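To start, the structure itself, in structure tokens.
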Amino acid sequence: MDNKHDILCLLRSVANGETRPEDALLELKEAPFEDLGYAKVDLHRSVRQGAAEVIYGAGKTPEQIAGIAAAMGERGCRNILITRMGKEAADYVASQVPLEYHESPRLGLAFPGERRDLGNIVVATGGTSDMPVAEEAALTAEAMGNHVTRLYDVGVAGLHRLLSNLDVLMQARCVVAVAGMEGALASVIGGLVDCPVIAVPTSVGYGASFGGLSALLSMLNSCASGCSVVNIDNGFGAGYLASRINQMEGLETK
Amino acid sequence: MDNKHDILCLLRSVANGETRPEDALLELKEAPFEDLGYAKVDLHRSVRQGAAEVIYGAGKTPEQIAGIAAAMGERGCRNILITRMGKEAADYVASQVPLEYHESPRLGLAFPGERRDLGNIVVATGGTSDMPVAEEAALTAEAMGNHVTRLYDVGVAGLHRLLSNLDVLMQARCVVAVAGMEGALASVIGGLVDCPVIAVPTSVGYGASFGGLSALLSMLNSCASGCSVVNIDNGFGAGYLASRINQMEGLETK
Amino acid sequence: MDNKHDILCLLRSVANGETRPEDALLELKEAPFEDLGYAKVDLHRSVRQGAAEVIYGAGKTPEQIAGIAAAMGERGCRNILITRMGKEAADYVASQVPLEYHESPRLGLAFPGERRDLGNIVVATGGTSDMPVAEEAALTAEAMGNHVTRLYDVGVAGLHRLLSNLDVLMQARCVVAVAGMEGALASVIGGLVDCPVIAVPTSVGYGASFGGLSALLSMLNSCASGCSVVNIDNGFGAGYLASRINQMEGLETK
Amino acid sequence: MDNKHDILCLLRSVANGETRPEDALLELKEAPFEDLGYAKVDLHRSVRQGAAEVIYGAGKTPEQIAGIAAAMGERGCRNILITRMGKEAADYVASQVPLEYHESPRLGLAFPGERRDLGNIVVATGGTSDMPVAEEAALTAEAMGNHVTRLYDVGVAGLHRLLSNLDVLMQARCVVAVAGMEGALASVIGGLVDCPVIAVPTSVGYGASFGGLSALLSMLNSCASGCSVVNIDNGFGAGYLASRINQMEGLETK
Amino acid sequence: MDNKHDILCLLRSVANGETRPEDALLELKEAPFEDLGYAKVDLHRSVRQGAAEVIYGAGKTPEQIAGIAAAMGERGCRNILITRMGKEAADYVASQVPLEYHESPRLGLAFPGERRDLGNIVVATGGTSDMPVAEEAALTAEAMGNHVTRLYDVGVAGLHRLLSNLDVLMQARCVVAVAGMEGALASVIGGLVDCPVIAVPTSVGYGASFGGLSALLSMLNSCASGCSVVNIDNGFGAGYLASRINQMEGLETK
Amino acid sequence: MDNKHDILCLLRSVANGETRPEDALLELKEAPFEDLGYAKVDLHRSVRQGAAEVIYGAGKTPEQIAGIAAAMGERGCRNILITRMGKEAADYVASQVPLEYHESPRLGLAFPGERRDLGNIVVATGGTSDMPVAEEAALTAEAMGNHVTRLYDVGVAGLHRLLSNLDVLMQARCVVAVAGMEGALASVIGGLVDCPVIAVPTSVGYGASFGGLSALLSMLNSCASGCSVVNIDNGFGAGYLASRINQMEGLETK
Amino acid sequence: MDNKHDILCLLRSVANGETRPEDALLELKEAPFEDLGYAKVDLHRSVRQGAAEVIYGAGKTPEQIAGIAAAMGERGCRNILITRMGKEAADYVASQVPLEYHESPRLGLAFPGERRDLGNIVVATGGTSDMPVAEEAALTAEAMGNHVTRLYDVGVAGLHRLLSNLDVLMQARCVVAVAGMEGALASVIGGLVDCPVIAVPTSVGYGASFGGLSALLSMLNSCASGCSVVNIDNGFGAGYLASRINQMEGLETK
Amino acid sequence: MDNKHDILCLLRSVANGETRPEDALLELKEAPFEDLGYAKVDLHRSVRQGAAEVIYGAGKTPEQIAGIAAAMGERGCRNILITRMGKEAADYVASQVPLEYHESPRLGLAFPGERRDLGNIVVATGGTSDMPVAEEAALTAEAMGNHVTRLYDVGVAGLHRLLSNLDVLMQARCVVAVAGMEGALASVIGGLVDCPVIAVPTSVGYGASFGGLSALLSMLNSCASGCSVVNIDNGFGAGYLASRINQMEGLETK
């Protein structure tokens, strides 16, 4: 019921006598999802080409994941992202539905289909060890129809690696900065580019990195210049938001 | 030296013999800012109409704030934001440079000038007590040339207050969700709209809100659906980023 | 829109042609509260005798508090609780609306009216220093029409003080256990009584009490036997919930 | 010695000469439990039909669990809950006493017997991954003789899933809201229903969820409207308390 | 009711017909303290010469403190310690009861009387800034009849200051080690002496001392060799415990 | 060099010409321990009957543990405690030196010998799950020549289990209170007995027990009445300190 | 007794009969400091020209500070640093001993004397607000005879400000990097220079900077390349250590 | 581009017409490292004899580690440190490049070559369990051409073990103090020596050591006297920094 237009339409059809009030109430309650018992599958958004749906895999059984994916696929969903799914679960899911699986970022793409290649999102990492999270972001963005440029291992301890790629950064419509440990990458990139920067702290590190807390705090404290932060290791969230920003319509089309 | 084009130009002028190598080095080093001793004022960005510069007021003396603002104003900067500036400091600064001051968000606007009114940014708050932070965001966005719609006191404890403003939310190009305590506002809005959502945790609350930590963690954990987070009470950062997103050029202009 | 019955009624009146769809949408949006600009005052609940409304006073100006209270009072609300309101603010509010003010728990009761005296809620404290929080709970419960028995300074360090009041505890329908420092009171009471126990950690203490964190954790870890916890110093929340429990209808009335 | 009536009786029987003082002291000391050496089994409460006793399984050896359960069973206890018992321990216990075991919530029911089906408790979860904790709550409440309605995967990110089940929520005498990550479910439900809400934060999540801390803080900060909180993942505690509230006698029976 | 002997006596007197059961119950409930409403004053312990009672002053009004002290004094208590009482409160209390006040440790001694000077407790500090806490410990111990030796400013950064006082340390029956910042004093003393060491972390320090947390953790981690820890800044607790240890009867007197 | 008397003796022997200055320096440096390379084995204390030495087993290889134990044993040490030693390491050590091993508290006793049985230390636990830590304390105290009384599973949730053992508690010269979760046991015992109480928080619990933090803070905040705290799960430290206190000489022997 | 040579000399003089053993013990105990009661003033180090002593001012009364400074001055100390001394205390101290006071870093220099100007230490800050801490470092280093170059407001958000000062950084023997908020300055400088870098986190910032914790963690996590960290706001410690490093003798002089 | 001289040279060659501006830009971008896709290998520093390069092994696949090491080795690097590399990964790497592997500190040295033995660095530990971290520091320093003296198991609980090695400490040019638990070793050493002290907290300990947090805070709070801190368990960082300090040129060579 999150759409003014839909409510108006429904009310009008009640007013026209086309719909009984009791049925309208029913529709308001049952339309937007399919209830599998263990999950209420969201089928509300129109299934547009290139758009991706997502299943959070952690804490779900392989059977539940496959069940949700199948329900979505049957309704015509394509490029359904499954995040935080281990190899074993993926093997089972792949036996039930078409699946493209990436082991390092533990990401699956069920019912893979055609995808667009819009705009330009740069995904940068501080180190090689941040790659799994960065790939989750990059693959998510690609699944949602965006063009992605990868810029890995450009951490601030060797600043020349970053500076020599300034032209790559400058051509981005949105940058995803992935870094663990001290997380300074986001601050430095935020000071160099003019587009929105999404910072992803990673749990890479040891000791006083406290599982990504250090990078998280560091990134939150450097947000003055157009960057914002998502959860530790949340590559998916960064890729999803980057897609939204990259695909913004221009102001002049209003 | 954060601009490929500038370096190329400079190198070419060296190649042409128009610039001596030593002078080029000097230029690389001295151009982008003016050194006031206690501050290196950034004058690097071309001064475009509607664009705002910012001075972080906390921890600076009134004299330092006024000095930096004056240096900027002399170079033609307009609509210079001064954040976290107390009433007393504002009184001094206002005696030195033209200043528009907002007491509740402790925000000043030095050398106020003409501003554009582009697009639409919605700034929403969970409660009345979140208003100072929300105003920092809203005034920042307005100073940077954006149209802002305020939607205050729509916290999730009384969900109907939010739901009855769905049409306002739906028309936003970007939403800034400001909330303290449990910070659930960002999650709920994130599930309702399709545009980017910037979550601002506030230090409003007591006890286990731990100065905004509760809202911060809550917001970080709900980022799956297109929202991201800035620092606690960082209204400025949210307004600045919202402006970047709101003023994105459309993909078709590439 | 949180009430199935109301939606059905509205839909039926649209179906009858008594209401236009556009008006229905409007009604859905505007009915439940009055918009004061800085606050959306909730007038949704039917104003029953003995029921209290509440205004969270912290972070609001005296003018805002008085404005909200006046708006409620005009609609017929009585016994409106105002929490976390300092003496100075209370003086202003009292100049605008009828107000009963309790300084130690910083609690006001605007438009005080007749109240019921139902059931029995025991409010117990570990020490004398926990009294302000306990009074917030007790006065809240009284404002909502409950009978309250106070049992103060019965902390576990002198167990006989608690044990000699066992009969008082045994006659409660609900116990509010208020304690700071090590917060063991809730555990001990939880093991003695059969009714629900609401634990309120207080910020009383120093050093490793960390502003109430110690009592909070202690209480959360002892919840096995029918007790639950509210926020640190949240006397109001405990009193409100105790009222709900105390006024439960019996199963046999179903 | 937690019962005024018992003490009086005992004292009277001493006064009557029916009991020697030394024996009375002995009785005060030995009656309420059976000492197994490693555990003092509580046999104090009269064994009423439908009432459940509980064994906290974590940190106990299978032999200890079986020993305690057997001691209780011999005294006539039925529907004895065993929480946090792994599959392996359950296998051993099942070889010693009658046992019903639920693997996902790691919950056992020893000496299962007849149960009542009183009132109505709704157990709601934010996501599918919260199900093990929710089941611990639901099965606990059922073992204690309550009617339970499950409402799973209704998290606030897709608000329509919750809103379309408003009628289910409205019919509850008590709601248990189980959620991890940002834990906003409790706030939203707390604003929708009039009955007591028990919030259970879960350790579901990653990164800045910090093992359930995020949900815990979020829930503690939203307790103004009739909800309270139990320990992270403490489904048992929530089910136990919900049972107490659901089975409250009505005020009119006083 | 914390005394087997008392219960037996009472039961016997009931058995003898000297006491009615109802009166016995009453006695069990009312004897051990006097109820002032805001406080239940403990008068349970026999008032022996040299023994001190204590009132925790923080969070109590001057009137409450004076009231409790007066009630104790009337029953014959002497050397009543009042901790954490500010200068202003002390002035009021001194106008009501005989009071000896120490401003730096904010400690009062009401109804000061004769005191013994038993054994030997050494109170050592890491620095000059730890003196207020150390004095709270030393004065507490003295009020309770112990001989106290002060050894201030012997922190480990200048180890020779400590080592040159080894003979003082060696003659202690119990050492109270008071230190802030890194709190290493307790570890070093613990390795040097054979008597029990009570470590008191102080909130002296800045930055990563986090209000005494650093010293607290440090001291907890060095407890292997006969030392234990009390709360941050809890000089009273350390002095009280030191008194108990110092006044232990010898094993051979059993 | 931690002994005034030893230094004086040595200096006198230098003065007498019996010792050369260079040799004295050497002696000061080499006497108190044997250097095994990976460990400096402390042989400094005179090896008295009944006294125990201790090896912290965690982080040491089985070979290192056996090597240190052997070096001690050769010098005549008996009843050498080895803490935090896993089963596998114990098997190796037992193949090298005489060893008595207790698996649940992971404690070994190398070169077990005759032991005294002095005084009386009570070791109490809140629950059955706290037994491994309690056994570490009890076995340590026994190895050091103390009489130990165990009082397990007397947590405050069922207060009668504790109260009915008051006479056991009253006869202790020192109580070790071992508890996890909310750790209230120490507070309650501290209010009941007159002897020193050593509180040992355990990591038993889940969720907001945060690995023992909850019990630790709880115990630190209840130290007013003669109790103090050691590190989480530090049964050894508690047993060691209890021994020191239990074996205090009486004041009258001075 | 921290000096092998001193002990040998003393032992030899005892051997020669020049010193009695009792006197030697006395000397070992009393020589290295003067005992003022509240402080043990360290006079142990030979008073060399240019070397500074230090008094930690926080938590000491003005009288104590002046007393310690006077005792040092009388022994010939010059350039005695007094840290964390407020304006009011400084006024008193200046009335007792010669004092040079710097208000912003709250630093005093008692008995100011001649100073050397050795080597080159660069003190850099991220922002203007970090200046008080930076000045504490710089003035400390100058008081200890070092040449200091200040490089303020060169934070990573405007990287060109730092890069254009590369030659200044390159000429340092040691760099002190002072920064709050995200603390990335240390990482970036650490990657640019070859000399030791001392990172000083400051409490500058708000919200998730948590009083300097963010900068502290960030700096600890970026220490791979030759940098290390001191306490939050510990400008003195950084300046002191920088002096030690700057004044290192060369390896070839061994 | 972190070197003023290099930029000048390049600009001059552009001025001479020897380099085209486009090529210069290219060179600025590509020279300093080799891009392996997953890593940008730093080959920027001139490969001097005795200097070591480092690969952070954690989070990298064995193939990535070997690839990076091989790329370095081909360019002539020797003594390449590989930190935090498990046994299994080491086996693979050793099959690809020459490797010296140390299992306890999980440290590899690829392409081992000739090394110098300069100056003197003392590496001290509090206990035997700190050895793996200490060895990482010691081996790092040795790989970089320094002479290292090991001083293990000299913790402050047995102070004589440390004091009897004062002469070893006194001869150091730099001390690395490695300790877990309460971390007091650094404070004590810092007060004894005059050279820079690098403190390394270790995660050795349990309970309230919180994975090294206790030692970390302790060390940060004792930094007044010339010591500084690196990350928990960061032996490499300490060894690297110690090398920089040990190999400082003397001031007189300027």
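Every chain is named by a letter (A, B, C, D, E, F, G and H) in the order it is written, and numbering of its residues begins at 1.
FYI, a contact is a pair of C-beta atoms (placed from the backbone, for glycine too) under 8 Å apart; a residue touches a chain by one contact, two chains touch by 3 or more.
Because the structure is predicted, anything quoted here is derived from the model rather than measured.
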item	value
If a chain touches chain C and chain F alike, it appears here	D, E
Minimum number of chain-to-chain contact steps, chain D to chain G	2
Between A-H and B-H, the pair with more C-beta contacts	A-H
Interface copy of E-G among D-E, A-H or C-F, judged by whether over half of the contact pairs recur	A-H
Chain G-chain H separation of Cα centroids, rounded to whole Å	25
Length of the line joining the C-alpha centres of chain B and chain F, rounded to whole Å	58
Rounded Å distance, chain D centre to chain H centre (Cα mean)	54
Centroid spacing, where centroids are CA-atom means, of chain F and chain H in whole angstrom	38
Numbers and ranges of chain C residues touching at least 2 other chains	1-2, 4, 28, 56, 158-159, 163, 191-192, 207-209, 213, 216, 220-221, 224-225, 231-232, 234
Touching pairs - complete list by chain label	A-B, A-C, A-D, A-G, A-H, B-C, B-D, B-G, B-H, C-D, C-E, C-F, D-E, D-F, E-F, E-G, E-H, F-G, F-H, G-H
Residues of chain F touching chain E in the complex	1-4, 54, 56, 118-119, 163, 166-167, 170, 173, 191-192, 194-196, 198, 216, 220-221, 223-232, 234, 236-238, 240-241, 244-254
Residue ranges of chain E touching chain G (in the complex, touch as defined)	127-131, 152-154, 158-161, 163-165, 204, 206-209
Contact footprint of chain E on chain H as seen in their complex	156-159, 181-184, 187-188, 190-192, 205, 207-210, 213-215, 217-222, 224-225
Residues of chain A defined as touching chain C within the complex	1, 4, 7-8, 11-12, 14-15, 17, 20-22, 24-25, 28
List of chain H residues in touch with chain A within their complex	1-2, 28-30, 32-33, 37-40, 42, 44, 56, 58-60, 64, 84, 201, 203, 211-213, 216, 231-234
